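Each of the next two complexes has subunit A plus one other chain: subunit B in the first, subunit C in the second.
Coming up: the complex of A and B.
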């Protein structure tokens, strides 16, 4: 946590209300997101208890498993989940735009421009917490290797149709959510704590109820009091006033309410199933409402200028996976091979650098943090001196003297970047500190091709300017070898290793349902 | 040298032949009667010390600087009941679904004389010896009365099994660790004796290992617990070596058994616990300072809840809170996950405005400033001149680098926020600098 964020948290402590960390919204929010509030059975892996799911805040769909130890009931639940999620996910597949992309022609080896499809919009899943994202990944893993009766008539305990497909989509969403700035699958706690600093620690910010209490406290109450009540407040029966945002349940709920109700269901009593469903809905509904409250708060912020650019990458990601599914490719492997893993890591690092740069450029408050750490400077132009490069065909290299109170970490010939109003970047380099304060910067590009700089491309005296020490659209590292050229240091080509079971073999199932 | 120090180093002497100077002087091998009396006073008359389990012992390592926790745990005080009486109860508990699953899984792993367990152990630890066959694995009976009896029975079984030179599986053995002068009994899921005389701790957990990987934080917790068992076993190993003359080695790689993927079939991994072992060992030595902490308390301090007939505490909350305040805590938000008293400490810490309530790392950049109020005062622009006059020395003085950085941060933040509210209609690029 940077000093400026620490300070914001302390302001929140003093005022009893969360303090803004940004002036704009840095993540894309769909107009019609799919909210998914999951709950899982304590101690089990991949045995969901229930979800509230839907795009209409007034009418969430409740799916519940009255007895998670019953394989048939779990399958029925997953089938229902697929029926409500897949139409939403597929709903964005057919509205496409055409984009031009350079591809290498396989016959001539030349780079040629081709028209490719790009989906005009993409689905967006919102879960309450980071644990919810992990749960989506887990569900994806548990479903994508299943076989349906249609795929393999011989398979024991076939999964209902669409379940493996939902598994592949959930895996894709889960994987995409690890890319910094990506917005296909978002956690509400992450979204809120990116935009507001509360008067509590980051650990405590993981509690959605407490986080919202700080950002939007009830009238006349301090955020701290409201947050403490959300965390620990219990009613006369010992149940939490604000149920956990899941997917884990509160042990008191499990032991006092859910377990007896499940016992009644097991005994075959009438009305027991409805009772379990009502209990599960009672735990999920407050979180469902909290997620929508969070969406309201976030929608009140204007989106950052470069958010749409990042969402376009999400659309590419969605389109690419749509194509893989349509082409009948196998599900994502259990483990990536060395080259794929390295590529993923490299692209995430690039995405992180881009996100950091774009957020700073979109938002003066984020830029303030970078200025404090000496990675950017804002100031006023004192005067501009025209100068030229010493080559055979001299090009303009004006020297700009700048007055600033910032303390950037400069050394001679450090590269600087200036955001231009049209979104482009002008390169420059640091020359020296000027006598009598201020510093001198030499512009090295972005002034057109002529001998004289294009009008407006050189700042004038008294202009307010920003220069950053970081690149505005950082590129990734060098290219990685093809998978078949994986060096022996990284396990060699994947084919050698995959002599055993095929990568997409289903998990073994046993006659006895072990959960 | 304190009591526990002595015990531990004595074990070490026999194990890895430390210099003889580390051996304890005679007469320091049992807790001093005065300390024992003092701890009893702290608990209150007639209150039995609460025994620590491996989980609690492992949690101690998380916050070694907390004198409050060291004292309360060392004295065997029920922190949960104390927190309840103070009005800030902990929110712990385990779902019975999770408990049931844990029990079923463990019994499945140990079914058929532990055949599946022994197979996994042999696979994962890659021992040179031949794989154990069903009848070759001895399953000694460890039942006895009381924890002391069971611990003695376990020590005997370990000695016999080691002397026999075959495989043996000890199901739920009982081991003793000395904590602050009194024995604490811990119960690993299983201990395996190898034919070469080495011992392995087996930890059975019900969280899944999916595609060969389990949740890192859960594995970490299991490793810290296992380290406590290894430490306790080393005690016994010392005795066995002394008695049988056979070199006994407690393996520092433990076997973690978990359900495979989404099934209830066991899979396992060898976990290296050397680091956790070192931490726990160091932490237990530090714990012996309980004596010092107890000595520094005002005369007559006690954490007695004075329970009435029905077990409800009758001690006034204010008085109890005062008693708790006599020993300092080192609260940080991480405590919330591992200490029953954390909500009380958090409340106090927030009342005092301590900066640590925002996270342990926060203090690094704040120099000598310790409270939220001090930080905000130092960051305020008008405070600059006043502070110059008031405090030319100490934290918060105007030329303190932390104060300068804070003031700059506050100015930059205020500038950005003012620009944003004033010019929301302008494009972001233009606003970036105003």
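Coming up: the complex of A and C.
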């Protein structure tokens, strides 16, 4: 945790109310997100109990499984879920823009510009908590290899139509959510704790009710008291006032309410199914409302200037997966091969560096944190001395003396970057500390090609400037070999690719499948 | 002592008299060179404890491969390592054609290389065609494309190289010698890589871990003697960080001596200097307190220790020269866990008028050697012990950079802190458990340091 976050948490403790960590919103929020509040069965991996799902905060759709251990019912539930989620996901597939992209021509080997489709918008799934993201991933894993009767008429126990497709989309959302700054699938607790610091621990911030209590406490009440009630308050029947945001359930609810109701359903009593559904809805509805309350809070913040740029990458990601599905490609493999894993890691590291830089550039409060940790500095230009490089064709290398209160971690020739008003970045390097306080920076680029710097490209005395020690648009890593060229150090090419077998063979059927 | 694989490990330092470090090291080197030059396997792995002559081995293997007429590429991890290696090669064999492939940025390599007659530097691999040896960083090699791969490669600091970095360069060579120190800091990633934990090719694991997971029967060697660490340090570092692959010091007690021209003034700082000169270790213990990372008192104490080291006219006697060598600023290093701590120590040193002392984090001190090191303990003043601060390699790097003495500055209460924070990292299926874990290693080092403790209230 950075020093400024620690400070914000201490302020929150002192004031009884969450302290802002940002001045703008750093994640894209769709105008019409799909909120998904899942709940799972205690002790059964991948046995959903129910969800509230929808894009209309007043009319969530309740899908529930009255007996989660019954696989017929589970598949019926997943089919219903596919019916309600897939139309939303597909709804963004056909409105496209055209973008130009450089591709290598397979015949000539030259880089040529091609026009490609980019979906104008993309779906966005919001779940209440990080555990909810894991649950989406788990559902994706459990569905994407199933076979429908249409795909494979011989298959025993075929999955209902659309279930494998939903699995593939959930898998895609789950993988995408691991990319720093990506917004196709977001957890409300993560969103809120990015923008506010509470007076409780980060572990406690995983509780959506407690987190909201700090950020938006009831009038006249301190966030701490409200958070404590959200976490532990119970009614006369021993039920939590604020049910957990799932997917795990509260044991008291399981034991005293859900279990007897399920027993009545198993006994075939009339009205028992409605009773289970009502119980599940009662647990899900407070979380549903909390997610929308969180959305309201976040929407009150203006979006950061570079948020749309990151959302565009999400749109690329969505478009690419749409194309894979349309092309009839197999579902995502169970495990990444060596090259794919390395590619994913490299792209996520680049995304993390970009996100860190962009958040700081978009937001003076985030930049303040970087300044506090010595990674950036703001100050006033004292004077500028013109100088030139010592090459055959001298280029301008002006020396800028800066007065600053910040204490950046500088050493000789450390590279510095200055954001320019037009969004470009000007490189520079640290030269030395100036004799009368302040420091000297040499500009090393961004001044045009001429012998004299372009007007406006060199700061003038009394200008307020910011330099960062971190790059603003870090590059990605080197190209990796194709999977079929995986070297011997990494086990050689993947077996499936070598043997020509499809990599999407469904999970083998085991005895457990027929239990 | 017998290891699980049936090989016998070396006897402990104090045990046997007849042990001849030079002969043991030579035998190990011969076996490594034999496997490298004449072996049939595509890879050879060499584990090297701190200061065991890894660079010497790399230089020798490179020259022998070149002499055998086999074109060689060398992969190191940082530009400093590459430059150092080229200088060493040129020093041993000034006529050997060596190419230094570098990035196209300004000041990409040490200007000293330009002075060497048979060293050619370029940012393009085509300019270096025909050189016997081409040296570069893994990052630069990853952008290099060639038609025919090199017959041989040497991968230096292979334990600090990430698996995905090896993936992007492994296509450039047929066979390789991998050399590194398994006890130093593991490579890391700033984003989570848990989803690949347990896979043989987990891109965030070390290059050697991936290599051995896919090629478990590759010949593995290790260098048995540390020429850097004094007899006072080798047993502790070996026991705490290399319990199953012990090594010994190449020198004996009495071979090295650190003495001061000026007598101590009785202050805590001077007493810890005397203790360290006498025993090779010193612990300057400040009163227990929870502090920010850049604990002003501890930082100042660290700077004072360095100041007094220089003021008291330290002189080091070793096997390298018959006469004592003055302990100068460039032979001293300060090691910290975090960059802001290093910056704070640098500022404190310049306030005391000390210049020329290396102050850096464990990550950046890897592979370097000094006469005396002053270490700000990673857990000093902390309210918690995170995985970062407990990492075995971090402490190992900090405790194994010195030829004569290591002085640790720390607040009281680290032992209690450790007891309150047992390791809680989840155990992942398929991942080899690192042994010893940082918790255990920290306790071992603390227990040893406690015998050389000087309490001091600033």
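Throughout what follows, the second predicted complex is superposed on the first by the 499 of 515 C-alpha atoms of A that agree within 3 Å, B and C clash if a C-alpha of one lies under 4 Å from a C-alpha of the other, contacts with A are read in each partner's own complex, and residues count from 1 in each chain.
Keep this in mind: contacts are C-beta pairs under 8 Å (C-beta built on N, C-alpha and C of every residue); 3 or more make two chains touch, one makes a residue touch a chain.
Note that the coordinates shown come from a computational prediction; the quantities given were computed from them, not determined experimentally.
By the touch criterion defined above, A:413 reaches subunit C but does not reach subunit B.
In the superposition on chain A, contact is made by A:335 with both subunit B and subunit C.
Of the two partner chains, subunit C is the only one touched by A:180; subunit B is not. The partner of subunit A that touches more of its residues, comparing subunit B with subunit C, is B. By the document's definition of touching, of the two partners only subunit B reaches A:24; subunit C does not. Contact with subunit B, but none with subunit C, is seen for A:201 once the two complexes are overlaid on the shared chain.
Once the two complexes are laid over each other on the shared chain, residue contacts for A:489 go to subunit C alone; subunit B is not touched. In the superposition on chain A, A:98 makes contact with neither subunit B nor subunit C. Legend: residue contacts after superposition of the two complexes on their common chain; A:423 is shown touching subunit B, with no touch to subunit C. Contacts of A:142 after superposition on the shared chain: subunit B is touched, whereas subunit C is not. Touching of subunit A by both subunit B and subunit C, each in its own complex, is seen for residues 3, 335.
Across the complex, subunit C meets subunit A through its residues 42-43, 107, 139, 142-143, 163-164, 166-168, 170-171, 176, 189-193, 195-196, 199-204, 207, 210-211, 214-215, 292, 339-340, 343. On the side of subunit A, the complex with subunit B involves touching residues 1, 3-4, 6-11, 13-14, 20, 23-24, 41-46, 138, 141-142, 199-204, 224, 231-232, 249, 251-252, 254-255, 259, 302, 304-305, 334-335, 361-365, 367-369, 371-372, 378, 419-421, 423, 464-466, 507-508, 510, 514-515. Of all residues in subunit A, those touching subunit C in their complex are 3, 178, 180, 335-339, 341-342, 344-346, 348-349, 351-353, 373-374, 409, 413, 477-481, 485-492. Residues of subunit B that touch subunit A in their complex: 89, 91-102, 206-208, 210-211, 259, 261-265, 333-334, 336-337, 343, 350, 353, 355, 357-359, 361-362, 365-366, 372-373, 375-376, 379, 405-406, 408-410, 412-413, 415-417, 419-420, 424, 427-434.
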